[in-house]
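Heads up, there are several structures right after this.
After this come two complexes, each holding subunit A, first together with subunit B and then together with subunit C.
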Partner chain A sequence: MNASNQAVVVQHVTKRYGNFTAVSDLSFEVQKGEIFSMLGPNGAGKTTTIRMILDILKPDTGSIQVLGGTINEQIKDRIGYLPEERGLYRNVRVVEVLTYLAQLKGLSSGEARQRALELLERVELEENADNKVSELSKGMQQKVQIITAVLHKPELIIIDEPFAGLDPVNTQLIKDLLYEMHEDGTTIIMSTHMMHQIEEMADRLLMLDHGRCVLYGDVQGVREQFASNAVVVEGEGDWAALPGVTAVEPGENGREFVLRLAEGTTPDQVMNAVAVGADYHVRRFELAVPSLNEIFIQVAGNGNNHHHRQS
Partner chain B sequence: MTHWMDVFRYEFRQFFRRKAYLFTTFGVPLIAIAIFFGYQAYQDMREGGDDKPPENPVTEQTKGTSVIGYMDLTPDGLFPGPESYEAVECSVTAADVSGLSSGLFKRLTSPYCFRERVRYYETRADGEQALDDEDITGLYVIEPDYAENSSVSLYFTKFNIQDATGSDTLLEDYLLSSLLYNVEAETYEQLYLRLRDPAVFSEHIVSAEGTAKTDNEDENMIVVYAFGLILMLSIFWGGGYLMQSVVQEKESRIIEIILSSVQPTALLLGKILAMGVLSLIQVGLYVGTFVFLGGQASSLTDSLSDITISTSSLALMGVYFVLGFLLFGSLMAVIGALSSTVRDSQNFVVLVTLPAMIPFFFLTIFVEEPNGGLATVLSIIPVTAPLSMGMRIPITDVPGGELLLSIGLLIVTVAFVIWLSGRFFRVHTLLMGTTPKLRDIPKLLRS
Partner chain C sequence: MSWQKIWLVLSREYRYNFRRPSFLFTAFGVPLFSIAAMFLVIHVVTDRETNLDNYQRIGYVDRAGVISADAPNQDGYQPVTDPAVEAPGASASEAEQTAYYDALEAAARQQLVNDQIDAFFVITDLYTLTGQIDLYGIKGPPAALRDNIEDFLRDQIVAQAPDTLPVSTARLHKPVDMTIRDLDSDDKLSTAALIGRMLLPFVFVFLYFMSANTTAQFLMSGVVEEKENRLMEILATSLRPIELLWGKMLGLGALALTQAALWAAGALVIAVLYEGAREFLTGASFQVGDIVLIIGLFVINFLLFSAIMLGIGASSTAEAESRQFAGFMTFIAVLPLALSSLFFMNPDGSLPLFFTFFPLTAATALIMRMGLTSLPNWQIALSLGIQLVSVLAVMWLAAKVFRLGMLMYGKPLTPRTLWQALRAGQKTLTTAQDEAPVRKPRKKRSLFRL
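Right, the complex of A and B next:
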């Protein structure tokens, strides 16, 4: 992989707090322009990893390259960050907070203010620009916080739990904003517990557990990696009579069935058999791929199984 | 280290606009000026409201408009009424200007010249009637044993401390001029003035080297108290706001966003400078107001008339203010960094403010012995140096070597404390959500 295509390169990074190892020999890369997701149970080392990428914490061993070099003040100006535990100055006007935080990212006062007003309009908060932060609802504050991370048009956005506390309408609003930036070539690293958001948005993922990498790769590849030899069908017919089907189990919604396949039997062979069988009516036929949620529970629930899978 | 200027500008703007800052910085001096001139106007009104120069030494020495009465019960009738004395011209005439002689002073202080404000009553009934009619504010009865015991009784219907003080002085002046009426004009003035003010104290402190230095305690006490108070309030105010600003950023969790853009040292530098400039504006206005009012007040109060502070003293005090602010500001920032809530931080503030205030507890010693052992020691210890020197410099010449040692030690301490606050700020802010215990401090410092 060409180094210029990598937004973040983490190599053999370890971070300890006294006797506690928060991150252990962690290596991964984030490609430029992708949406990369970090997930893992509480205490897995996600926040520590993010803080090390941002140079807030120094790794004990290993190296981190961000946007083509070792992080410095100029590179920091090209990054947008929103931590999980976040807040704003409560007694300051919204537009002033945004302008100040953008100035800390290298924008001039006028430019920062102009951009702040544009983004406030984008998230339908233009009328609240001169309100104090404390006068906003929690959801409104969340939107303002998101703006702080994207206001200076960063090349890399690191955002922890971007949709926490947002209602569905506002979630879609922020999602659209992130997609828009993604289309403009911005790299997005997001840490979240909302698996469906990862499945929907992320190109690749990194799952951490006890400071170690337990899953790393593109989202679809990871799901297929955890897929068992089975298919999900919805329709009518004698599913058990199909060749190579060893068991038929009712599916989650009551209308579908999971067909367990014998070793050596492929889903394609089953689909062919269904297609030629006159007594089968099929409305849906797909691989039985587990959701990331199921994978997350499976991997994170098995704390002692510290293996590293890469697809 | 970038963005410290952005932090400085933001903090300055935010705090400058606060109502509390605007009130304490501009409101308090304006109120002080308003009260001062209001009081002056009230005084002028009480005294007749005109600015004409005093007519003669009697009215100058006994300001006020009150009229008093007296009865003389002495066996020899020592004090006849003013009208019984030879009539004289009680104001300075053009003819007097060519040569002010000692005879002029005696003329102007003649008992006759008291006639408008001192009334003689033959009987107690007349005097009491005058009191009832409010013709006079007090009735003095010169008792028969006056010659032996200086006994005088005062009768009044309502007590007013200002009237009482002025009336007593008026009667004393009248008695004095009556007693000296027959003294030769050549010696009258000196005798009158000496008896009127028999002793004006000027204290001389004998130092270890045997040299003597004259100080004026009244003025010094006012200056030391005022400058000590101004320095202390401004430093603590600025430091307190700095601490609050740090803790609020921690409490609101915005600190992590800021630290992803700015180095902790740059953040601290921007904050300390902003609060320092704000405090400097405040202390400048306070000192300016004090010096201005001091100059104005000299016309009212003699003790303020001689207060002068040289430019070099003001510059030196400026140096100590800046260093003092950096020291206490940084210490307050350490407290802010170590506290998880504003309430937590308040518990630790006393650890900084109490040692810094030690010189204030010894105010009297600083006034009496500004170059004494205690003042010298407290001026060298960095924590007490800013306030000690702030109190000493306006009233005494601090030896150059002592100044160099004090400033040098203070600079080293300030540098150390700024470094220390940077260490605590970074580590603690991010890794701990609670206030650390004492035993955790070395660990935080090392990490």
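Right, the complex of A and C next:
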């Protein structure tokens, strides 16, 4: 792939703290314009990896390229970052904090202020622009913090747990904001534990465990990679009588059934059998693909499984 | 380094800290308080001591017989009389004389209580030997009244002086007219200027200390706040730690100078308003070289203290914790002021000399000694050298501590951890969950077990 299409390239990076290896021989790439998700259990090395991408920490070995080069101050100005542990100046007015932080990223005072007011209106906080940060609710502060990461129109946004502390309405508000930036070509790297958000938003993912990559690839590919030879059906019929079906298990919602297939039997063959069978009435038929949550538990729960799977 | 980002941090730190109530109180409150105190001294205390409006009727009882009818009299000074008390004749016995004066004294007391006179004094029997005068008043008589009585009696003595005296009666009245002059300029120095010459360095050191210490503590609490609020990580991706560090130090340095300027303006206002204060300020014997030295010391000492406070802020986890360390540093720095009596007694003594060469106290001790003694050049040079080396070393260490400790949330940067990190060449330490170095707990050794 052309290097100019990559927003981040991490190659064989290792980081140790004393005897503890936080990140071990990690390699991955983030394409420009995609939503890339990093996930993993606590202590997997996500924060360390993000800090190394941002040049807050130096890797012991390996190399990292960001937005086409080794990171420097000019490149840093093209990145928006929201760390997991975050906060703002508490006794300062919201618009002042936003303007200051955007100015540090290279915006002029007037431009920073205007954009801050625009974004505050976008997240329905325009009336709080002159309030002190300490006067805002936790959810409001969360929205202001997210604005700090996007205010200077960065090319790359690295955002840790973007939806933590937000109610469903505000989650959708922030999601729409991120989608909007994504449509404008901004690359988004997000680290989150909310699997359904990854399934919904991310193009590709990287799962870390004990500092190593355990899953890496496009979200749908990863799910299919973990798919067992089974289909999910909803409807009426004698499912066990179908050729190649070895077991029938009730599904999660009580109306569906999971049909386990014999080795060599493909879902297509089963679908054909259902289609020609007069006694079958089908409302839904799909591959039994596990949710990312199930995959996460399966991979992260197996602490000794350190093999690298790539879809 | 990006000077634009340093400027942004500088102006933000300046504006934010300028609006702090504690700064506003120190910067504006101190000059206002001084002006108010001056007003109080001049218009209330001084007025009370100089105003004789309430002391127009002064009585006296002359037991010593020194009051002469020939001497010029003070307006309102009258011998105490009482129609009920009859003056003894020329041949009256000593006991009759004593009884007469006792009766006059009793009458004077009564007249004072009845508001017939405002005060009275008794020239005692032994006045010619001891100069003893007893003064009575309802409230404490003002200093001006005491001076007037002194003048009154001096006039009496001068009136009785024989013509054969080798000096004029004017000299008897005022034997000395002393002029104190400056050694270098030969200018006349007033008493206020003389006091100013001695005290001004102390006043300056005190104000300087307040200014530097206040702003350096702002620097520390700012760093702690950014750590506590987890802003440091965002800042770390927006500018270099060294840019943040310089921006903060310069911003607060500018704030310290603003504070000093406000105080200087306050001093000028006081000087314009009050003659005494003007004379006090003219007592400053600083030459141009001294002023350059003082400004240099101010800058070096501010950098030293702000670097120390910055290091404390970066290595602490909470403001309360950092204040404990800062308090200890302040205690050491304030020692020369606290022990200023030692400087007055012997400015070249061993302790003032030690303070002159100890980095944390060198600037204050040097300035304090400037007003009290003639400082040898080698002492100034050595003290400056020690301060310069110290400030460079402390700033280097503060920059390291700042970088190492800025992401240490909820975990202090201990000297041991700092030493290990410096030896290992690490630049940033973090307390990200489960990412801190895992160390085996040290085995506890019992003194009683081999």
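Quick note on the criterion: the second predicted complex is superposed on the first by the 311 of 311 C-alpha atoms of A that agree within 3 Å, B and C clash if a C-alpha of one lies under 4 Å from a C-alpha of the other, contacts with A are read in each partner's own complex, and residues count from 1 in each chain.
Everything that follows uses one rule, which is that contacts are C-beta pairs under 8 Å (C-beta built on N, C-alpha and C of every residue); 3 or more make two chains touch, one makes a residue touch a chain.
Note that the structure is a prediction, hence the values are computed from the model and not measured.
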| item | value |
| --- | --- |
| Side-by-side fit of subunit B and subunit C on subunit A, or clash | clash |
| Superposed model, subunit A: greater residue contact from subunit B or subunit C | C |
| Partner chain in contact with A:V92 - subunit B first, subunit C second, else both or neither | both |
| Subunit B versus subunit C as contact partner of A:N19, first or second or both or neither | second |
| Subunit B versus subunit C as contact partner of A:V258, first or second or both or neither | neither |
| First (subunit B), second (subunit C), both or neither touched by A:P83 | both |
| Contacts of A:T148 with subunit B and subunit C, given as first, second, both or neither | both |
| Residues on subunit A lying within both footprints (that of subunit B and that of subunit C) | 17-18, 51, 54, 56-57, 73, 76-77, 79, 81-83, 85-90, 92, 100-101, 103-105, 148 |
| Interface residues, subunit B side, partner subunit A - complex | 1-3, 6-7, 10, 14, 248-249, 251-254, 256-263, 430-431, 443 |
| Contact footprint of subunit A on subunit C as seen in their complex | 2, 5, 8-9, 12, 16, 225-226, 228-231, 233-240, 407, 409, 427-428, 430, 432-439 |
| Subunit A residues touching subunit B - in the complex, by the definition given at the top | 17-18, 51, 54, 56-57, 73, 76-77, 79, 81-83, 85-90, 92, 100-101, 103-105, 148 |
| Complex contacts: residues of subunit A adjacent to subunit C | 17-20, 22, 42-43, 45, 47-48, 51, 54-58, 73, 76-77, 79, 81-83, 85-90, 92, 100-101, 103-105, 148 |
